[in-house]
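Below are two complexes that have chain A in common, paired first with chain B and then with chain C.
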Partner chain A sequence: MTDILKIENLTYKRNQRLLLQDVNLTLTAGKIVGLLGENGAGKTTLMRLITGSAQGHGTIMVSGTQTPTERKSHLSFSEQLRGFNRNTKVAQVVAFYHTVYPDFDPQRFHELAGFLQIDVNLRLGALSKGMREKLIIALTLARQVDLYLLDEPFSGIDSMSRKKIISSIIQWMPEEATLLISDHYVTEIAPILDEIVVVKDQTIAVHRAADEIRSESGMDIEDYYESLYEGGVNRD
Partner chain B sequence: MTSFGAVFKAVNRLKFRQMNLLIVLELLAIVVTTIWTAIRGEYSNMTVFTTAMGWSTVPAFVGVILIAIRHEKVYTADSYRLIPVEETKFYTINLLSSLANIVYLAVVQLGIYIISMLFGWQELASMAKDMTTPTHIESGWLLMGLSIIVLVLVLNMVFWSTISFVHLVTSSASTFLPKFRQGVLNIIVYAIVVFLTLRVSGLIGNGVSWISQTMFNNGGSFDWVGQLWITIFVMIVVILIEGAINVLCLKRWVETDAN
Partner chain C sequence: MKFDDKIPIYYQIKQHLYHEILAGTLKPGDKLPAVRQLAIDLTVNVNTIQRALSEMITEKTIVSQRGKGNFVTDDTARLAELKEQLVMEQLALVYEQLHALNLSDAEILASLKRYIERKGAAQHD
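After this line comes the complex of A and B, so read on.
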C-alpha cells in the first residue's frame, strides 16, 4: 500500500510549551481515519503541522513530498475561511478556490453544494454555523488530492446536518484518497472509520484498525475510545 | 503549484475592492460638498477643483492604511497560506499587489483632478500664465516628476515592508519565547520601530524642504535629482533586507491563526 502520510519524530512547541512530542504516524492510501482525542489534546495542531500552517521539528511527508509548499498541493484542509470578509458571497469564495487551486473541480463543488443544500448566493455572514461547516466540507472535498483533512466538522451542528456531511464524505471522497477526520465525539463517525488515531499525553497513543479493535477487544469504537481514558485497555 | 497570476488575483481581490469603495466614497464626498457649497451660494468655477483637491488627501492616507491591514492579514490567514506557492514568491506577489493598488488609486486621483480642472479651466489657465517657473525646472520637469513618483511609490513599499517586518518578527517570537517574554519583546520591537519611524519621518521632512530649497534657490547648479535617486536606492536596499528577513520568518516560524 502507498504511504499517503508519513510523520517521523515530530515535536512541536509554542511559547516554550511542549504541545506534541515524538509523533510517528503512517497512513496508507484509501483509508478513512478518525483522529480522536479530548479537547486540547493537539488534534488541530497535528493537522496544522501536516498542512504547514504550524511549524514543528521532525519529518512530515505527504505523497512522498516533504516541503510545506509541495505538501500543500497534495492535501485539502477544512480551513475556516478567515481570510474572507463577512460580506463575501459564497460564489466569490468558490471563484477564489477555483483560481488558486488547479485541482479544484467546480462541477464537483456544485454537486456537493446541491446535495448539502448550500445557497451560493448567500454572503458568508448570513450562513448559520451548520451551513458554514457544510460549505467548508464542500470546498474541501471539491479538490482532487491525495489527503483530506477535516478538522472537527461536526462541532456545534445538528444531527441531520451531521448525517448529510457523513453521506457527502462517503459519496464524494475519491477511493484512492485518504481522509483524516478529527473529532472528540465518536458516535457519528465510528461506522465509516477504517482506522483510529488517538492523540493523548502529547503524542499518538493509539493507531489501530477499526476492525481489529472490534474483533480483538469485542468493543465498538466508542467504548474502546472511552476505555482509553478510564485505563481499561492495555495499549501495549 | 499555483501560478503567479492566480496568486496575484487572489491576493489582490479584496485590496482592489477596498480601493474602489474608497473612490466611490471620495466621489460622493466631492459631490455632496459641491452641492452644499452651491446651496450656500458660494459656488464658483473653481469649486469642484478645490473640493477635489481638498478631499484627495483622505483616500490617499486611508488607502495606504487599508492596504497595510489587508497586506498583513494575508500572512496569517489559512485561506491564503494554504495556497501551494513558495514563500518568496508569495511575499513578492503580496508586495507587488499592494503597490499595484496604490498606483491604481493614484491614477484614479489624477483622473479626478483632470476632470475637476475642466470645471475651472479658464481660471486655472490664467493662474498658470502668471506663475513663473525657474528655467532649470522647466527643462528637467519630466525627470523631476518621474523621480518624485518613484520616490513616493518606494516610500509606500518601505512603509508596508516595515509593518510586515514588525508583524512577522513579533509573530516569530512565539516559537522561542514564553508568553510573558514575548510581550516584552513585542514592546521592545515596537519602541525601536516607532523611534526609527520618527527618525526617518524627520529625515524625509528635512529632505523635502531641502529639495524644494535646492530646486528653487540653487539655479540648478546642484544635482538634486541624483541625491533623490540615492535616497530611492537606499530605500530599495531597506526593502530587500527587510524582505529577506520577512521571508525567512514566513518560511520558518510564522504560523496562521488557529481554527
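After this line comes the complex of A and C, so read on.
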C-alpha cells in the first residue's frame, strides 16, 4: 500500500514550550482517519505542521515529497477563510481558489455546492456558521489531491449540517485519497472512520483501526477514547 | 442507518444485507448497488462496505461478476443455510435471556408456544 503521509520523529516547540514530541505516524491510501484529542492537545498544530505552516524538527512526507511547497501541492487543508473580507461574495472566493490551485475542479465544486445547498451569490458575512463550514468543506474537497485535512469541521454547527457534511465526504472523496479529520465529538463520525489517531501527552498515543477497537474491546469508539484518559486500557 | 458503535460496522452491514435478502427486499440474483452508493446510503466508508461484501463473497451469499458488479446468489441451498443461521442466532439470544431467568427448556418451549398463540389470537381480532 502507498503511504500518503509519513511522519518520523517529529518534535515541535513554541515559545520554549514542547508541544509535540517523537511523533511517528504513517497513513496509507484510501483511508478516513479521525484525529482525536482534547482541546489544546495539538491536533491543529499537527495539521499545521503537515501543511508546512508550522516548522518542527523531524521528517514529514506527503505522497513521497518532503519540502513544504511540494507537500502543499498534494494536500488540501480546510482553511478558515480568514484572509477574505466579509463583503466578498462566495463566487469570488471560488474564483480565487480556481486561480491559486491548479487542482481545483470547478465542476466538483459546483456539484458539492449543489448538494450542500450553498448560494454562491451570498457574501461571506451573510453566511451562517453551518453554511460557512459547508463552504469550507466544498472548497477543500473540490481540489483533487492525495491528502485532505479537515480541522474540526463540526464544531458549533447543527446536526443536520453535520450529516450533510459527512455524506458529502463519503460521496466526493477520491478513492485513493486519505482524509484526516479532527474532532472532539467522536460519536457522530465514528461509523465513517477506518482508523483513529489520538494525540495525548504531546505525542501520538494511539493509532488503531476502528473496527478492531470494537471487536477487541467491545467498546464503542467514544468509550474507548475516554478510557484512555482514565488509564483503564492497556494500549499496545 | 443507525449503528451500534460497540459492534464492528462491517459486521452490522452484513447483518443489514442478510436482512434485506431474507426479507425479500433484495431477491436472489438481484444486483447490489455500487460500493460507493451503499456507502452513501448507509453513511459508512467505502472500505467498510468493501470488507462486508468481500466476506459475503467468500461465504458465497454474494457473487461478484467481473466488470458487472455484485449479485445476490441464486443458490437456494445457500440461501436456506443463511436463513437457518440467522434464525438460530436470534433464537440463541432469546434462549440465553430466558435461561438467565431460570426457565427450564420445557418452560421456554411452553412460554414460546403460549406467546405465539396469544399473538395469533390478537391478530385475528
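Going forward, the second predicted complex is superposed on the first by the 236 of 236 C-alpha atoms of A that agree within 3 Å, B and C clash if a C-alpha of one lies under 4 Å from a C-alpha of the other, contacts with A are read in each partner's own complex, and residues count from 1 in each chain.
Here, a contact is a pair of C-beta atoms (placed from the backbone, for glycine too) under 8 Å apart; a residue touches a chain by one contact, two chains touch by 3 or more.
Computed from a predicted model, the values in this text were never measured in an experiment.
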So, after the overlay on chain A, do chain B and chain C clash or fit? They fit
Apex chain A angle, CA centroids, chain B to chain C, rounded to a multiple of 10 degrees, is 160
In the superposed arrangement, does A:T26 touch chain B (first), chain C (second), both or neither?
-> neither
For this session: Tell me which partner A:G83 touches in the superposition: chain B (first), chain C (second), both or neither.
Result: first
Notebook entry, point to check: So, A:Q16: does it touch chain B (first), chain C (second), both, or neither?
Noted result: first
In the superposed arrangement, which partner chain does A:G218 touch: chain B (first), chain C (second), both, or neither? second
Chain A contact check, chain B vs chain C, more residues touched by chain B
Touching partner for A:A190 - first (chain B), second (chain C), both, neither:
second
Report for A:T59: first if it touches chain B alone, second if chain C alone, otherwise both or neither.
neither
Which superposed partner A:S167 touches (first chain B, second chain C, both, neither): second
Overlaying both structures gives a minimum C-alpha distance between chain B and chain C, in Å, of 27
In the complex, chain C touches chain A at residues 3-11, 36, 39-40, 43-48, 51
Contacts from chain B onto chain A in the complex sit at residues 1-2, 6-7, 9-10, 13-14, 73-74, 77-87, 174-179, 182, 252-253, 255-259
Counting only contacts in the complex, chain A reaches chain B at residues 13-17, 44-45, 48, 51-55, 69-70, 72-73, 77, 79-85, 92, 96, 99-102, 151-152
The answer for chain A against chain C in the complex is residues 30-32, 163, 166-167, 170-171, 175, 187, 190-194, 210-211, 214-215, 218-223
